[in-house]
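Below, each structure is written out as structure tokens.
Both complexes shown next keep subunit A, but they swap its partner, so subunit B is in the first and subunit C is in the second.
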Partner chain A sequence: MTRLITSGFSHFILFIGILIMIVPVWMIFASSTHTGLTINTHGLQMFLGDSFYENYMRVLLYQGGFFKEITALKMFLNSFIMATGVAILSVITSLMAAYALVYYRTKYATLLFWIIFVTILVPLELRIFPTYSVMAELNLVNSYFGLIVPISASAIATLFFRQFYKTVPDELLESAKLDGANTWRFFVDFLVPLSKTMIVAMLIFMFVFGYNQYLWPLLVTSSEQYWTVVMGLKMMSGSIVHRFAFVLMSMVPPILIIIVLQKHFIKGVFQDK
Partner chain B sequence: MSFLDLKNVTKIYPNGTKAVHETSLSVDEGEFMVFVGPSGCGKSTLLRMVAGLEDITEGDINLDGQLINEVDPSERDIAMVFQNYALYPHMNVYNNLAYGLKNRGIDKETIEQKVNDAAKLLQISDFLQRKPSMLSGGQRQRVAMGRAIVRNPKIFLFDEPLSNLDAKLRIQMRLEIKKLQQKVGVTSIFVTHDQVEAMTLADRLAVINNGIIEQLGTPIEIYNNPESLFVAGFIGSPQMNFLDANLNNKTLSAENFEIKNIDSDYNGEVTLGIRPEHLIESENGLINLKVELVEQLGSDNLVYGQIKNIKDFCYRSPGNQTIKKGDTLSLNIEENKYYIFDKNTGKRVNQI
Partner chain C sequence: MKKVQFKSSYSQYLFLAPQLGILLIFLYWPIIQTFRDAFTMQDAFGFGTQFVWFDNFLFIFDDPAYWIAFKFTIIYSFVITLITASIGLLLAVQANNVMHGKSTYKTLLIWPYAIAPAVVGVMANYFFSERFGLLYHLFNNLWGFNWYESVFDSYIYLIIAGSWKQISANFIFFLAGLQAIQRSVIEASMIDCKNSIRRFWTITFPLLMPTTFFLIIINITYAFFDTFGIIDTTTIGAPSGETRTLVYKAYMDGFRGLDLGSAGAQSIMMMFIVLFITIFQFRYIEGKIHYN
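Let's turn to the complex of A and B:
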């Protein structure tokens, strides 16, 4: 009986927590299916209206921006390209950096690692102007390359891979060596497949990181052609219902990625096999 | 020059520890050589230098007529079985076996042929599609061996491969390794700290202590004719009994007995070694053993007791005898079965 009460109580608390998180999202969604007039006259709505299709199609296809050159659809495409690029590139660079740090026993490997690690403490914004001038010098503003590359070195991913490599027994390397594997083959045939779950986790992590970038894309793009979703949230004009619709849609890609790959994500971050 | 030739091989670690002292050793083609010694004696280091996993500080290693000091491990054509097997956890058994062949650019059909042959030989054909984590200890051991065999290397190296198995399986695998080596005929070096393993597997045995080969020979030579106190104590189970004694004018005097006409010109303090199995009961024997403990093994009994001030003196008696605690046994040493060592240097001083 007491067990029933305590478990009932903890479920109650969990339920409250879920409500606190879900209700605002639901209100935005419900409101976004009404006309702008309804919201302006009656406030936020708890129940679905009948303008869903109309509102969402308008948001997706509306030519926005000052020069009317960009649609929400294009922004999603831009965001997707940027987030995917950041995810893939940063996973590749940190895999390789970690490999070098762990297996190339240079005297300064630990020092180098800590230097890399300390960059976690330095926010992106601190180096944003020098980075911008480099990109401007190289004529890379207003390009996907400029959007992706400067934020594609991840100290956190390097840390994760490094810690994982350190748990790989030395005998595996030695055995592979005797089996004729060179440095590159050991990386490709052993470390990459062994860190598969962690790679997936880092891809998700870096995808969301890339997707959520605001200041850097804002700075490095002046052409509306390169607007991303997160920038669009600020730039989007139109009725309040269209903004609601856009906000909701902007949440979909990261959520989708996490839902689809969450199994790998949890395995990868808390890897103990 | 023999098949594998070590000349004055020395290993000094960067921190200054000298793990292997100028060691020279030859292994003939097809021979099963065992390095045996206590942990930390440098036997594994020596093996790893042959494999190329450790740099050689000084000296030369020749394999099949080629100096391999600077040859990369992948180019040495050597296969090694590790203590923890080091199977590739993300590959199934088939790929574990095939990986080394793939790296050598061998075509697919030949690889399949070789892997299947090796699998059949080791009776692991049924597990080829499984991952190592789904195998038992003995099966993993077999896969590790298979990975070595399939490559048909110049030499097999075993780094204590049996120490992770339980006792029964260890004995079984020991037999299988020996049979397999005889069948395949590949030159092998096996490192172990277990003297029974060493005795049973070896064609020749190198007893290593503190980075030095103390004695090299066939197991039976080493058992019958240990040249130093260390070898005498290390080889043989139960351990040889040691007593302090004095040797003067070919007469050995221990605490309460004397042996005359010893074949040695040495004079001074010595240690007398007697194996438990070289004692026989007889009336008016040299040694009076007061029994304190009897271990009954069935086939024979291990009797532990006291002679004056010496404790835990061991005598191996036939299993059909009943000996009780508190008995006093009168024992003689079998003729010429006493080993006399210089107390200071540990070198043997009498001939057998």
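Let's turn to the complex of A and C:
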């Protein structure tokens, strides 16, 4: 009986927690299906209206009007390119760097460790203007390269891979050595397949990290051709319902990825078996 | 460290090269320039720079606006950490407690983590707009809420906007921490202590300490840096600069004011604050908690 009561209490608390998370997003969605007039006279809406198709199509495709030179569709493409680039570049470089740190014996081990990991303490926000000058000198402003590479200069994934490699039994390398595997073969044929879960988790983590960038794209893209979705929030104009629709669509890709790939993400980050 | 390793050879550096190369060009080089900026001053016409020792630092210490941002940053990170960790823990304990639907609750509570702070800010903006914001009108009816003019009210606005998505991250980590506690420990404690609330504070909570301290660092980092997108899409420092974090202020001074010397000095101060917190964490806190 007490078990039933405490369990009922738990469900109740969780239900309130979920409401706090879902209701704001739902209201923006519901409001985005109304006309601007309804919002301006009656405020945010709780129930769906009938301008869904009209509002969303206009935001996605309207050429030249809503965002002068760029459609929302192109911004989604840019965000996708940027997030994928950040995910792949940072995961590959981190995978390799962590391998060099864990599987090689060297007297510079401590020095190399600190050179790489102290960077976690200095986020892009703290070196944003000098990073911009570097990009300007290298002529990389307004390019996908400029959007991707400075965001990929992160050792967070390296830290996770290093922790993971340390849990791999020593016997793996011993037997690989007996099979005559060299450093490259051991990495590609043994370690990378073994790290699959962690690789997927880090790809998800870095994709969301790249997609959600706001300040850096704002600074490094003066040409509208390279605008991303999240920075586009700052540039929004037009009717309030179109803005609701754009805000709502902007959160869909990362949320979808987290929900669909949730198991892989949690498995990797928490090393769940 | 591994007992079996490869001998160091040029191939080790081939594996390190891509990451080290990117870090050197896009991280270390800009950091060096930040130091250069912090110790120099540009003349009014931007023709030359002059080495000025600690003038930029002395200038920011003398500037009341810096201390206003400092105060806000401290309060903001403290309150956000407290709120998101408590609510995250509360939800995680309940989710761990239920027999059915655990994974459904997990799915329904995990997704806000993925939303960009700037998107959260824009959403919060709609709920706190004077024209049709629900929360604006609710609070306005309760105590005359007006974040355009009241510092306290703008704090409330930013704390709600900043906490919302971070609850999710705290929930995930606390739930993982709770699930990692061994069944036998829980069962033994159930025999020793019948009161479930006391059991939580004397047995479970101490075992969660590693998770808690990890989350404190995560939340402070979030409040320091990630809230940039939230502030820039909500109060933009309103009423008059009281709701700017140190990072936001440094950016504005560099971008709007074109004062790279001051922005550089502020960035370096921030690096020292982060370094201090990290050392503090390792020295005093990590040593005092028990890992299971």
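We adopt the following convention: the second predicted complex is superposed on the first by the 264 of 273 C-alpha atoms of A that agree within 3 Å, B and C clash if a C-alpha of one lies under 4 Å from a C-alpha of the other, contacts with A are read in each partner's own complex, and residues count from 1 in each chain.
FYI, contacts are C-beta pairs under 8 Å (C-beta built on N, C-alpha and C of every residue); 3 or more make two chains touch, one makes a residue touch a chain.
Because the structure is predicted, anything quoted here is derived from the model rather than measured.
K.L.:
In the superposed model, does subunit B or subunit C contact more residues of subunit A?
P.N.:
Partner touching more subunit A residues in the overlay: C.
K.L.:
Just subunit B (first), just subunit C (second), both, or neither: which does A:174 touch?
P.N.:
Both subunit B and subunit C are touched by A:174.
K.L.:
Does subunit B (first) or subunit C (second) touch A:6, or do both, or does neither?
P.N.:
It touches subunit C, and subunit B stays clear.
K.L.:
Which of the two partners, first being subunit B and second being subunit C, lies in contact with A:185: first, second, both, or neither?
P.N.:
first
K.L.:
One more residue to check, A:194. First (subunit B), second (subunit C), both or neither?
P.N.:
In the superposition, A:194 touches subunit B alone.
K.L.:
By the touch definition at the top of the document, which applies to A:212: first (subunit B), second (subunit C), both, or neither?
P.N.:
A:212 sits against subunit C, while subunit B stays out of touch.
K.L.:
Both subunit B and subunit C touch subunit A; at which residues?
P.N.:
Residues common to the subunit A contacts of subunit C and of subunit B are 174, 177, listed in rising order.
K.L.:
Taking the complex as given, what residues does subunit A use to touch subunit C?
P.N.:
6-7, 9-11, 13-14, 17-18, 20-22, 24-25, 27-28, 31, 39-40, 43-44, 89, 92-94, 96-97, 99-107, 109, 112, 115-116, 119, 121-123, 125-131, 133-134, 149-150, 152-153, 155, 158, 166, 170, 173-174, 177, 183-184, 187, 208, 211-215, 230-231, 233-234, 243-244, 247, 250-251, 254-255, 257-259, 262, 266, 270, 272
K.L.:
Mind pulling up the subunit B residues that touch subunit A in the complex?
P.N.:
So the residues of subunit B in touch with subunit A come to 51-53, 72-74, 76, 78-80, 82-84, 86, 88-90, 99-100, 103-104, 147, 151.
K.L.:
Quick one: which bits of subunit A touch subunit B in the complex? Just the residue numbers, please.
P.N.:
Touching subunit B from subunit A are residues 169, 171-172, 174-182, 185, 189-190, 193-194, 196.
K.L.:
Touching residues of subunit C toward subunit A in the complex: what are they?
P.N.:
Touch list, subunit C to subunit A: 1-9, 11-13, 15-16, 18-20, 22-23, 25-34, 37, 87, 90-91, 94-95, 97-99, 101, 105-119, 122-123, 126-127, 131-134, 164, 167-168, 171-172, 176, 180, 196, 221, 225, 228-229, 232-233, 247, 250-251, 254-255, 260, 263-264, 267, 270-271, 274-275, 278.
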